Amino acid sequence: MGWTGRILAGAKFLAPLAVLLVLWPILIRAFNVNPQIFPDITAVARAGLESIRDGSLFAHMGASLARVAVGTVLAILVAVPLGVLMGVSPGVSAFLTPLLRFFSVLAGIAWIPIATLWFGYGFGAITFVIFNAVFFIVAYNTLLGVSTIPMQVRNAAASLGAGRWTMLAEVLLPGALPNIVTGVRTGLGFAWRGLIAAEIIATNIGLGYMIFVARDFYRTEVIVFGMIVIGALWLLIDRLLLAPVERATIERWGMVRSA
Amino acid sequence: MNPALQAWSLYARATKRWPALAALVPFIPVVALWWIVAAAGVFPRAFFPSPPDVVRSFADLVYKGILPEYLEDSVARLAVGAAAGMAIGIPLGLLVGLSRKAHAALWPPLLFFQAIGDIAWLPILLIWFGFGLATMTFVIVYTVLFPVVLNTVLGVRSVPVELHRAALSLGASKPRILWEVVLPGALPNIITGLRNGLGYGWRALIAAEMIVGTSGVGFLMFDARRAGSVVEIVLGMIVLGLLWYIVDAWVLAPIERATGQRWGLVTR
Amino acid sequence: MKSLAIRNLSKTYFDAYAGAHVDAVRDVSLEVPEGEFVSIVGPSGCGKTTILNMVAGFIAPSSGEILVGDHAVAGPGPDRGVVFQSFALFPWKTVLENVAFGPKMRGVGKPERERIAREFLSLAGLSHAAERYPNELSGGMQQRVGVARALANEPDVLLMDEPFASVDAQTRMTLQEELTRIWQERRSTVLFITHDVPEAVFLANRVVVLSKGRVLEEVDIPLPRPRRWDALVESDDFKALANQVLQLVRSA
């Protein structure tokens, strides 16, 4: 596809969203909606501009993104080596799979109460929740990825003279990579929701806090602005960061994917 | 043979015979370790209860009838949310998957609204509906809906054009094709969507119960947090894990085995 | 059973990728009288599938017309049965349900359509596999189901697009012999597409050689029936005809 084609596709994608943007103020006026129920687009824009001017938007965004980044990076750094280690032996991986599945089911939000007890309200608890959401799912997927690398491939590598570290770097990690990436994407999906929930409950800064506090004053324009920021940030993270990486690994390896 | 290996091979044979064992035995060392750490008093008891404490609190809450009642509330909310999410999501997914026009108009907003995570809706929902059932139901339906729609679309589009053609040249009408070809062809994806949707919906429910709830497992845990009772929090987490395990093993997995896997559409 | 007539058929694709028009089929005319078996051969990309898809009604011609009996083709329909190279069986239906699909769409009741399906399954030698799912069958068996499914709907014309291309050589020969047997029993009007010259000659009453979207030549195949491979490979008539067609295809 040439660049004209790409622009055309982009325009086609944005057109329905533009229609929504146009309909929004028209509907608000037509039904004379109380701004305490749903804000007009101009109010939302004003709230957005104001939060940019007084810097509060960047403070909240920064806090949220920092928590996600720290929690996720830590989780990946621990989970991937652990997953590889556990996946090397079929017996060990079969034994540990139910444990990891149990904990990845709990990943994220379910840890909020105990995390806030252990770490108190604030950065620690929220980062812990995110770490948790990503860690178990990535570890489980890494384990799955390593243990599904066919024995023949490992034997082939060994018979070609691969030592322990070459095996790790050339066979096990690349072989598990598609699963790892999928795990990160799923885990981050849970982590992002967990973040918003945790920020509603357990802090005084962050996007979740921003929209929840606005509720106390019926400032729907701040809430809606916050929702748009949350949605747009996730779209950016998911579509620009995670999806391309996943596509690059998965499609190269000819595996199935789901939405 | 050395005894460790012998024990291992015994275990391997036993789990082959009773697969449920393979899911349970790995928890024994974890619980044992937990017990030892708790008994050794490394952490204060109030922060780190031991397994018997949790069992006692389980018995206590069951006896008082609180746990069964809360569990029922949570499961009922999830079931209603899942049913409504599918009732809206599957037809919508079929429409978007089959009609080019519907796809052009609805796909971008679907992606956008999916990105605004369910929980971010809570503040405005609280303004609209107040603290109560309507808010929670909205959140769950919203959460289940998107994975179901998006995966249904994917499923519809993954049905090979040859199957449409085969059905047409065997005399099938459009509605018959929907029922006989499109729906079964998309079914494995629809189930994947339901699985993801329940996974998200489940967490959203817990969050909603914590933030707005007056009952439910999430509320139980958060209420315990307010009272500083770690035992009940841990109990709640275990209940949540078990519950999902049951839904997965007794509801989702059998459906998957009977459909996509039997038909050879999904390999496992 | 009805005749098939193709008159001045053309198809021009627009290739969006290359930004150019492709004349896939140019002014093809062809008559298949009632009960005749006609094969179309030609090199890859000469327009065979395009012709068959137009006859089946899956794609619309750019110009020309197609008649089944005296009815003009306007879209897919049960009067033309199609056997696909990829088998195109419904994975979620058992073999029996696949074969009973056409009668079911006609509103035939369950006992009756299962009786019909069993009849055609036994014709295809598959009675024992009725309750299995397609993914539990070998490729050769799947294609037998594909043929039985098309026949069970009693079409006026049977259309087959390289139906045996994706099975192994042994199975292919068996399937070809079975197809001639079934054809002799039922005398369907058949349009059969292949790029395998011996296959085309073995099966057909007449072979049409296609080249770059045009009919190059038609060759009558007056070999006696029933045809069997062990007899025909020795036969000079068969060799001569196959050679003649092969030369045409190579010059195409």
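To keep things simple, chains are lettered A, B and C as they appear, and every chain counts its residues starting from 1.
Note that in this section a residue touches a chain if its C-beta (ideal position, glycine included) is under 8 Å from a C-beta of that chain, and two chains touch if they have at least 3 such contacts.
No experiment lies behind these values; they were computed from the predicted model shown.
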Comparing chain centres built from Cα atoms against the global Cα centre, which chain wins on proximity?
B
Could you pull out the chain whose C-alpha mean position is farthest off from that of subunit A?
C
When the C-alpha atoms of subunit B and subunit C are each averaged to a single point, how far apart are the two points in Å?
48
Can you give the whole-Å distance between the Cα centres of subunit A and subunit C?
51
So what's the Cα centroid distance for subunit A and subunit B, whole Å?
18
Where on subunit B is subunit C touching in the complex?
160, 162-163, 165-173, 176, 180-181, 184-185, 187, 259, 262-265
Residue numbers on subunit C that touch subunit B, as the complex places them:
56-58, 75-78, 80-82, 84, 86, 88-92, 101-102, 105-106, 133-136, 149-150, 153
Inside the complex, what are the residues of subunit B that reach subunit A?
8, 12, 22-27, 30, 47, 104-109, 111-113, 115-124, 126-128, 147, 150-151, 153-154, 189, 192-193, 196, 199-200, 203-204, 206-207, 210-211, 221-222, 224-225, 228, 230, 233-234, 236-237, 240-241, 244-245, 248
In the complex formed with subunit B, which residues of subunit A make contact?
12-17, 20, 36-38, 91, 94-99, 101-103, 105-106, 108-114, 116-118, 189-190, 192-194, 196-197, 200-201, 208, 211-212, 214-215, 218, 220, 223-224, 226-228, 230-232, 234-235, 238, 258-259
